[in-house]
Structure formats: structure tokens, C-alpha cells
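Okay, handing you the structure first.
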Amino acid sequence: MSDQVQLVPGNTLITDTPEEGRQLAIKLARLTIKITQPDAAMREKLRPVYAENASMLIVIGATVAAEFATIAQANNYWR
Amino acid sequence: MSDQVQLVPGNTLITDTPEEGRQLAIKLARLTIKITQPDAAMREKLRPVYAENASMLIVIGATVAAEFATIAQANNYWR
Amino acid sequence: MSDQVQLVPGNTLITDTPEEGRQLAIKLARLTIKITQPDAAMREKLRPVYAENASMLIVIGATVAAEFATIAQANNYWR
Amino acid sequence: MSDQVQLVPGNTLITDTPEEGRQLAIKLARLTIKITQPDAAMREKLRPVYAENASMLIVIGATVAAEFATIAQANNYWR
Amino acid sequence: MSDQVQLVPGNTLITDTPEEGRQLAIKLARLTIKITQPDAAMREKLRPVYAENASMLIVIGATVAAEFATIAQANNYWR
Amino acid sequence: MSDQVQLVPGNTLITDTPEEGRQLAIKLARLTIKITQPDAAMREKLRPVYAENASMLIVIGATVAAEFATIAQANNYWR
């Protein structure tokens, strides 16, 4: 698939806290974009497109919510 | 990732009531937008774009629903 | 967050029947829109936009489905 | 909420078979549209808009998948 | 609902393998489109619209992922 | 359905690590596109459309998140 991009940092879904779980969710979402568009220059060009677009910011939020759902379950919700 | 933005207020998914769980869901959704677009002035500029757009209001609702699903499960649905 | 809007009517996800669970799902979805756009006049202005737009009606349906999934699980599917 | 529209036909998520569960999923999706747009004439006007639009057909499919996920779980997957 | 279209082939979510489960997920997604747009000629007309449209291909993928999630759980993930 | 395309590589959802699980999620998402648009030349033509489009990159991310949720659960989150 890809030799360069690590898709799951630390190769684990387990985190110490919800805060770290949330950070991992954001990283997973970003790494999917990275492997789909491996060209860093192109990603830099696209970054302001979604950071300054209300609609895209919302859909990014939905993706992070989905990643976080999996991570939260993996960690038994840090109960 | 980010030193400034706390992504999970209180660093817990546990809340006393469904009402507080719902408030947390909305906060999580907003904090994802905040970390993706850290520039407060830009966020202020974008706010009316989605608050006055029916389509975006609906997609925000879908994101909050997803965040809430995780929080509700974390709290065993406050049963 | 908001002092005026109650996000979870009755502050519970438990309902007597699937029918009431479905009504709650619709209410939750609407209350997210209400807190995101607290201006009643603006909401009234937006209402026909999505009630008369096939695409938006469908996405509203997806959101209600997501809210209902959580409520159904909270109620152990009224089995 | 609504006195006229029944949102969950039969007021149960339990069905005899996966086939009937799928039919219920489609009904639930349609009934959300019905309560959001109670005007039958308007719904009739909108119907061809999504039946002849590839993009909308796909999003309807996503909504039905979500409704079915809940119904399948309610029925313990008819195992 | 519909006398002609069978919505769940074989009327079961149980399959022998993940591969067959994935095929079923694709069939379920297609059958929802079929019942929403029963006119075969119209479906044929729409087919190239989404097969040649990057955006629609992606959303079809999301729907298949959702259908597969349910089927995988029904089969206890073929563990 | 399809004799040529294998939809689940290795015909299993079980992987050794989260990293491999994530790779499988991306493969599943791509294979759905492959079976929906079997023409390789057309897929090649569409590839830059979504790799250079911020909005599509985000929706691809949402699909991968959904596929990964299923795989992670199949593997009991590699706990």
C-alpha cells in the first residue's frame, strides 16, 4: 500500500486520556488525506481551501467524530 | 498536535445527565472546527455562512448526532 | 453553552415506545439546529428552504436516523 | 409533535425476517420525509427530483442503510 | 411496500465469508436504488452518471461501508 | 456479482496490527470504487479529480473511517 506513510501513529488505538484519543482521531483523519494525496505541495495548496470553507470544516468535523467513535470504544470510553 | 486548544473539555466523556452529554457533543464538534481553523477572525467570518445556510445547519446536526452517539454510549445512556 | 435551549427534552433518552423514540430523535435533530441558529426569525426563513428541497429532506432523514440509532440502543430496542 | 403521521409502523422495530426489516427501514426513511414535509402535493412534486437524480438516490441509500443498521441490531440480526 | 423487488437476497444477512458479505453489502445498496427508482430504463440512464463521477463513486463507497458494517456484525465478523 | 474483483483481500477482516487494519480499510474503500467503475482507464482519469479536490479528499476520509470502524471491531481493537 504505502511504505512511507504510517497510518496509525504508534500502531495502537489505546490512549491514556480522552484528550489524547481525540488528538489521535484528528491524526487518523489527516493521515488518510496524506496517503490519498501523497504530494505535500498539493496538500499545502489544498489546506486553505477547506480551512476557509464553512462546508468543508463541517464535513471534517463529521470525519473526526467517526474516527473518535472507534478510538473511544477501543479505550472502553476511558471509564 | 496543538498546545493551545483543549479538544475534550474536562478530559472526560462522562457527564451527569443527557443534557450535559448533548452540550459536550456540541462542544466537541465546535472544537474540531477550532483546531482545523485556529484563526478566530476567520472562524467569526465563517460563522454566519453556516448559521444562515439550511444545508450546513443540517450537516452540523449530523455531526452532533455522531458525537452524541459516542458520549451516550460512554455514559451507558444514563440508564 | 446555552441557558435557554433545552437540548434533550425531559433530560432522558428513555421512552415508552419506538414511536416516542422516533419523535425524540426528530426533536433532538431540531434542537441542534435551534442552538446553532438561535434566531427564530432566521430559522423560520430557512424552514421552507429545506422543506421544499429534495436533497435537504434526504439529509435531514440521515440525521434523524443517526439520532434514532442512539435512542433505540438506550432503550434496548424496546424488546 | 405530530398527531397525524405515525413514525414507526406497528410501533415496533421487531420483524420476522431481514426482508421485512429492510422494508421497515425504507418506511422509516420515508416517514421522516413525510413529517418534515407534510404537504402531500409538495412531496409528489419532489419525488421525481430525487428518483431521477443519481446523487440523491445514493444518499437515500445511505439513509436506508443507517435505519437498517438499527433494525438489524434490534432483531439480533435474525440469527 | 413492493411485491416485485426482493430487498435482501436469500432473506438472510448470514454469509459464509467476508467476501460474500461484501458482495451482499453491494447488492443491498443497489436494491435500495432499485426500489426507489423502479424504472429500469431510468436506472440505466443514471448508471454512467455515477460511474463516471468521482464524487458519487465516493459516496457509493460510504454506503457500501455502512451496509457492510451491519452484515459483518451479523456474522460476528467471521471470526 | 463480479468474478474478477476480490472485494476483501485475503477474505478476512482479521489483521495483526492497527496499521494493517487501516491499510485494509483503505483497500476496501478502493475496491468498492473498482467494482462500481470496473474500467481501469476511467478510474485513472478520475483519480486526479479527487486527489486534487479538497472536498472529495474529506469524504474519502469519512469512508475510510467507516470501513476502519468495522475492521477495528472485528479485531477487538487489537487490545
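General remarks:
Per-chain numbering from 1; labels A, B, C, D, E and F assigned in written order.
Heads up, the rule we're going with is that a contact is a pair of C-beta atoms (placed from the backbone, for glycine too) under 8 Å apart; a residue touches a chain by one contact, two chains touch by 3 or more.
Just so it is clear, the structure is predicted and the values come from calculations on it, not from any experiment.
Number of steps on the shortest path from chain D to chain F, with steps defined by chain touch: 2. Following the contact convention of this document, no chain is adjacent to both chain B and chain E. Shared contacts of chain C and chain E, meaning chains that touch the two of them, come down to D.
Under half of the residue numbers at the interface between copies chain D and chain E are found on both sides, making the touching surfaces mostly different. In this assembly, the C-alpha centroid of chain A lies 27 Å from the C-alpha centroid of chain E.
If you average the CA atoms of chain A and of chain F, the two centres end up 16 Å from each other. Those residues of chain B in touch with two or more other chains are numbered 50, 53, 55, 59-60, 62, 66, 69, 73.
Taken as a contact graph, with one node per protein chain and an edge wherever two chains touch, the assembly forms a single closed ring in which every chain touches exactly two others.
Listed in rising order, the residues of chain F touching chain A in the complex are 17-19, 21-23, 26-27, 50-55, 57-62, 64-66, 68-69, 72-73, 77-79.
Across the complex, chain A is touched by residues 1-2, 6-8, 11-14, 28-29, 32-33, 35-37, 42, 46, 49-50, 53, 55-56, 59-60, 62-63, 66-67, 69-70, 73-74 of chain B.
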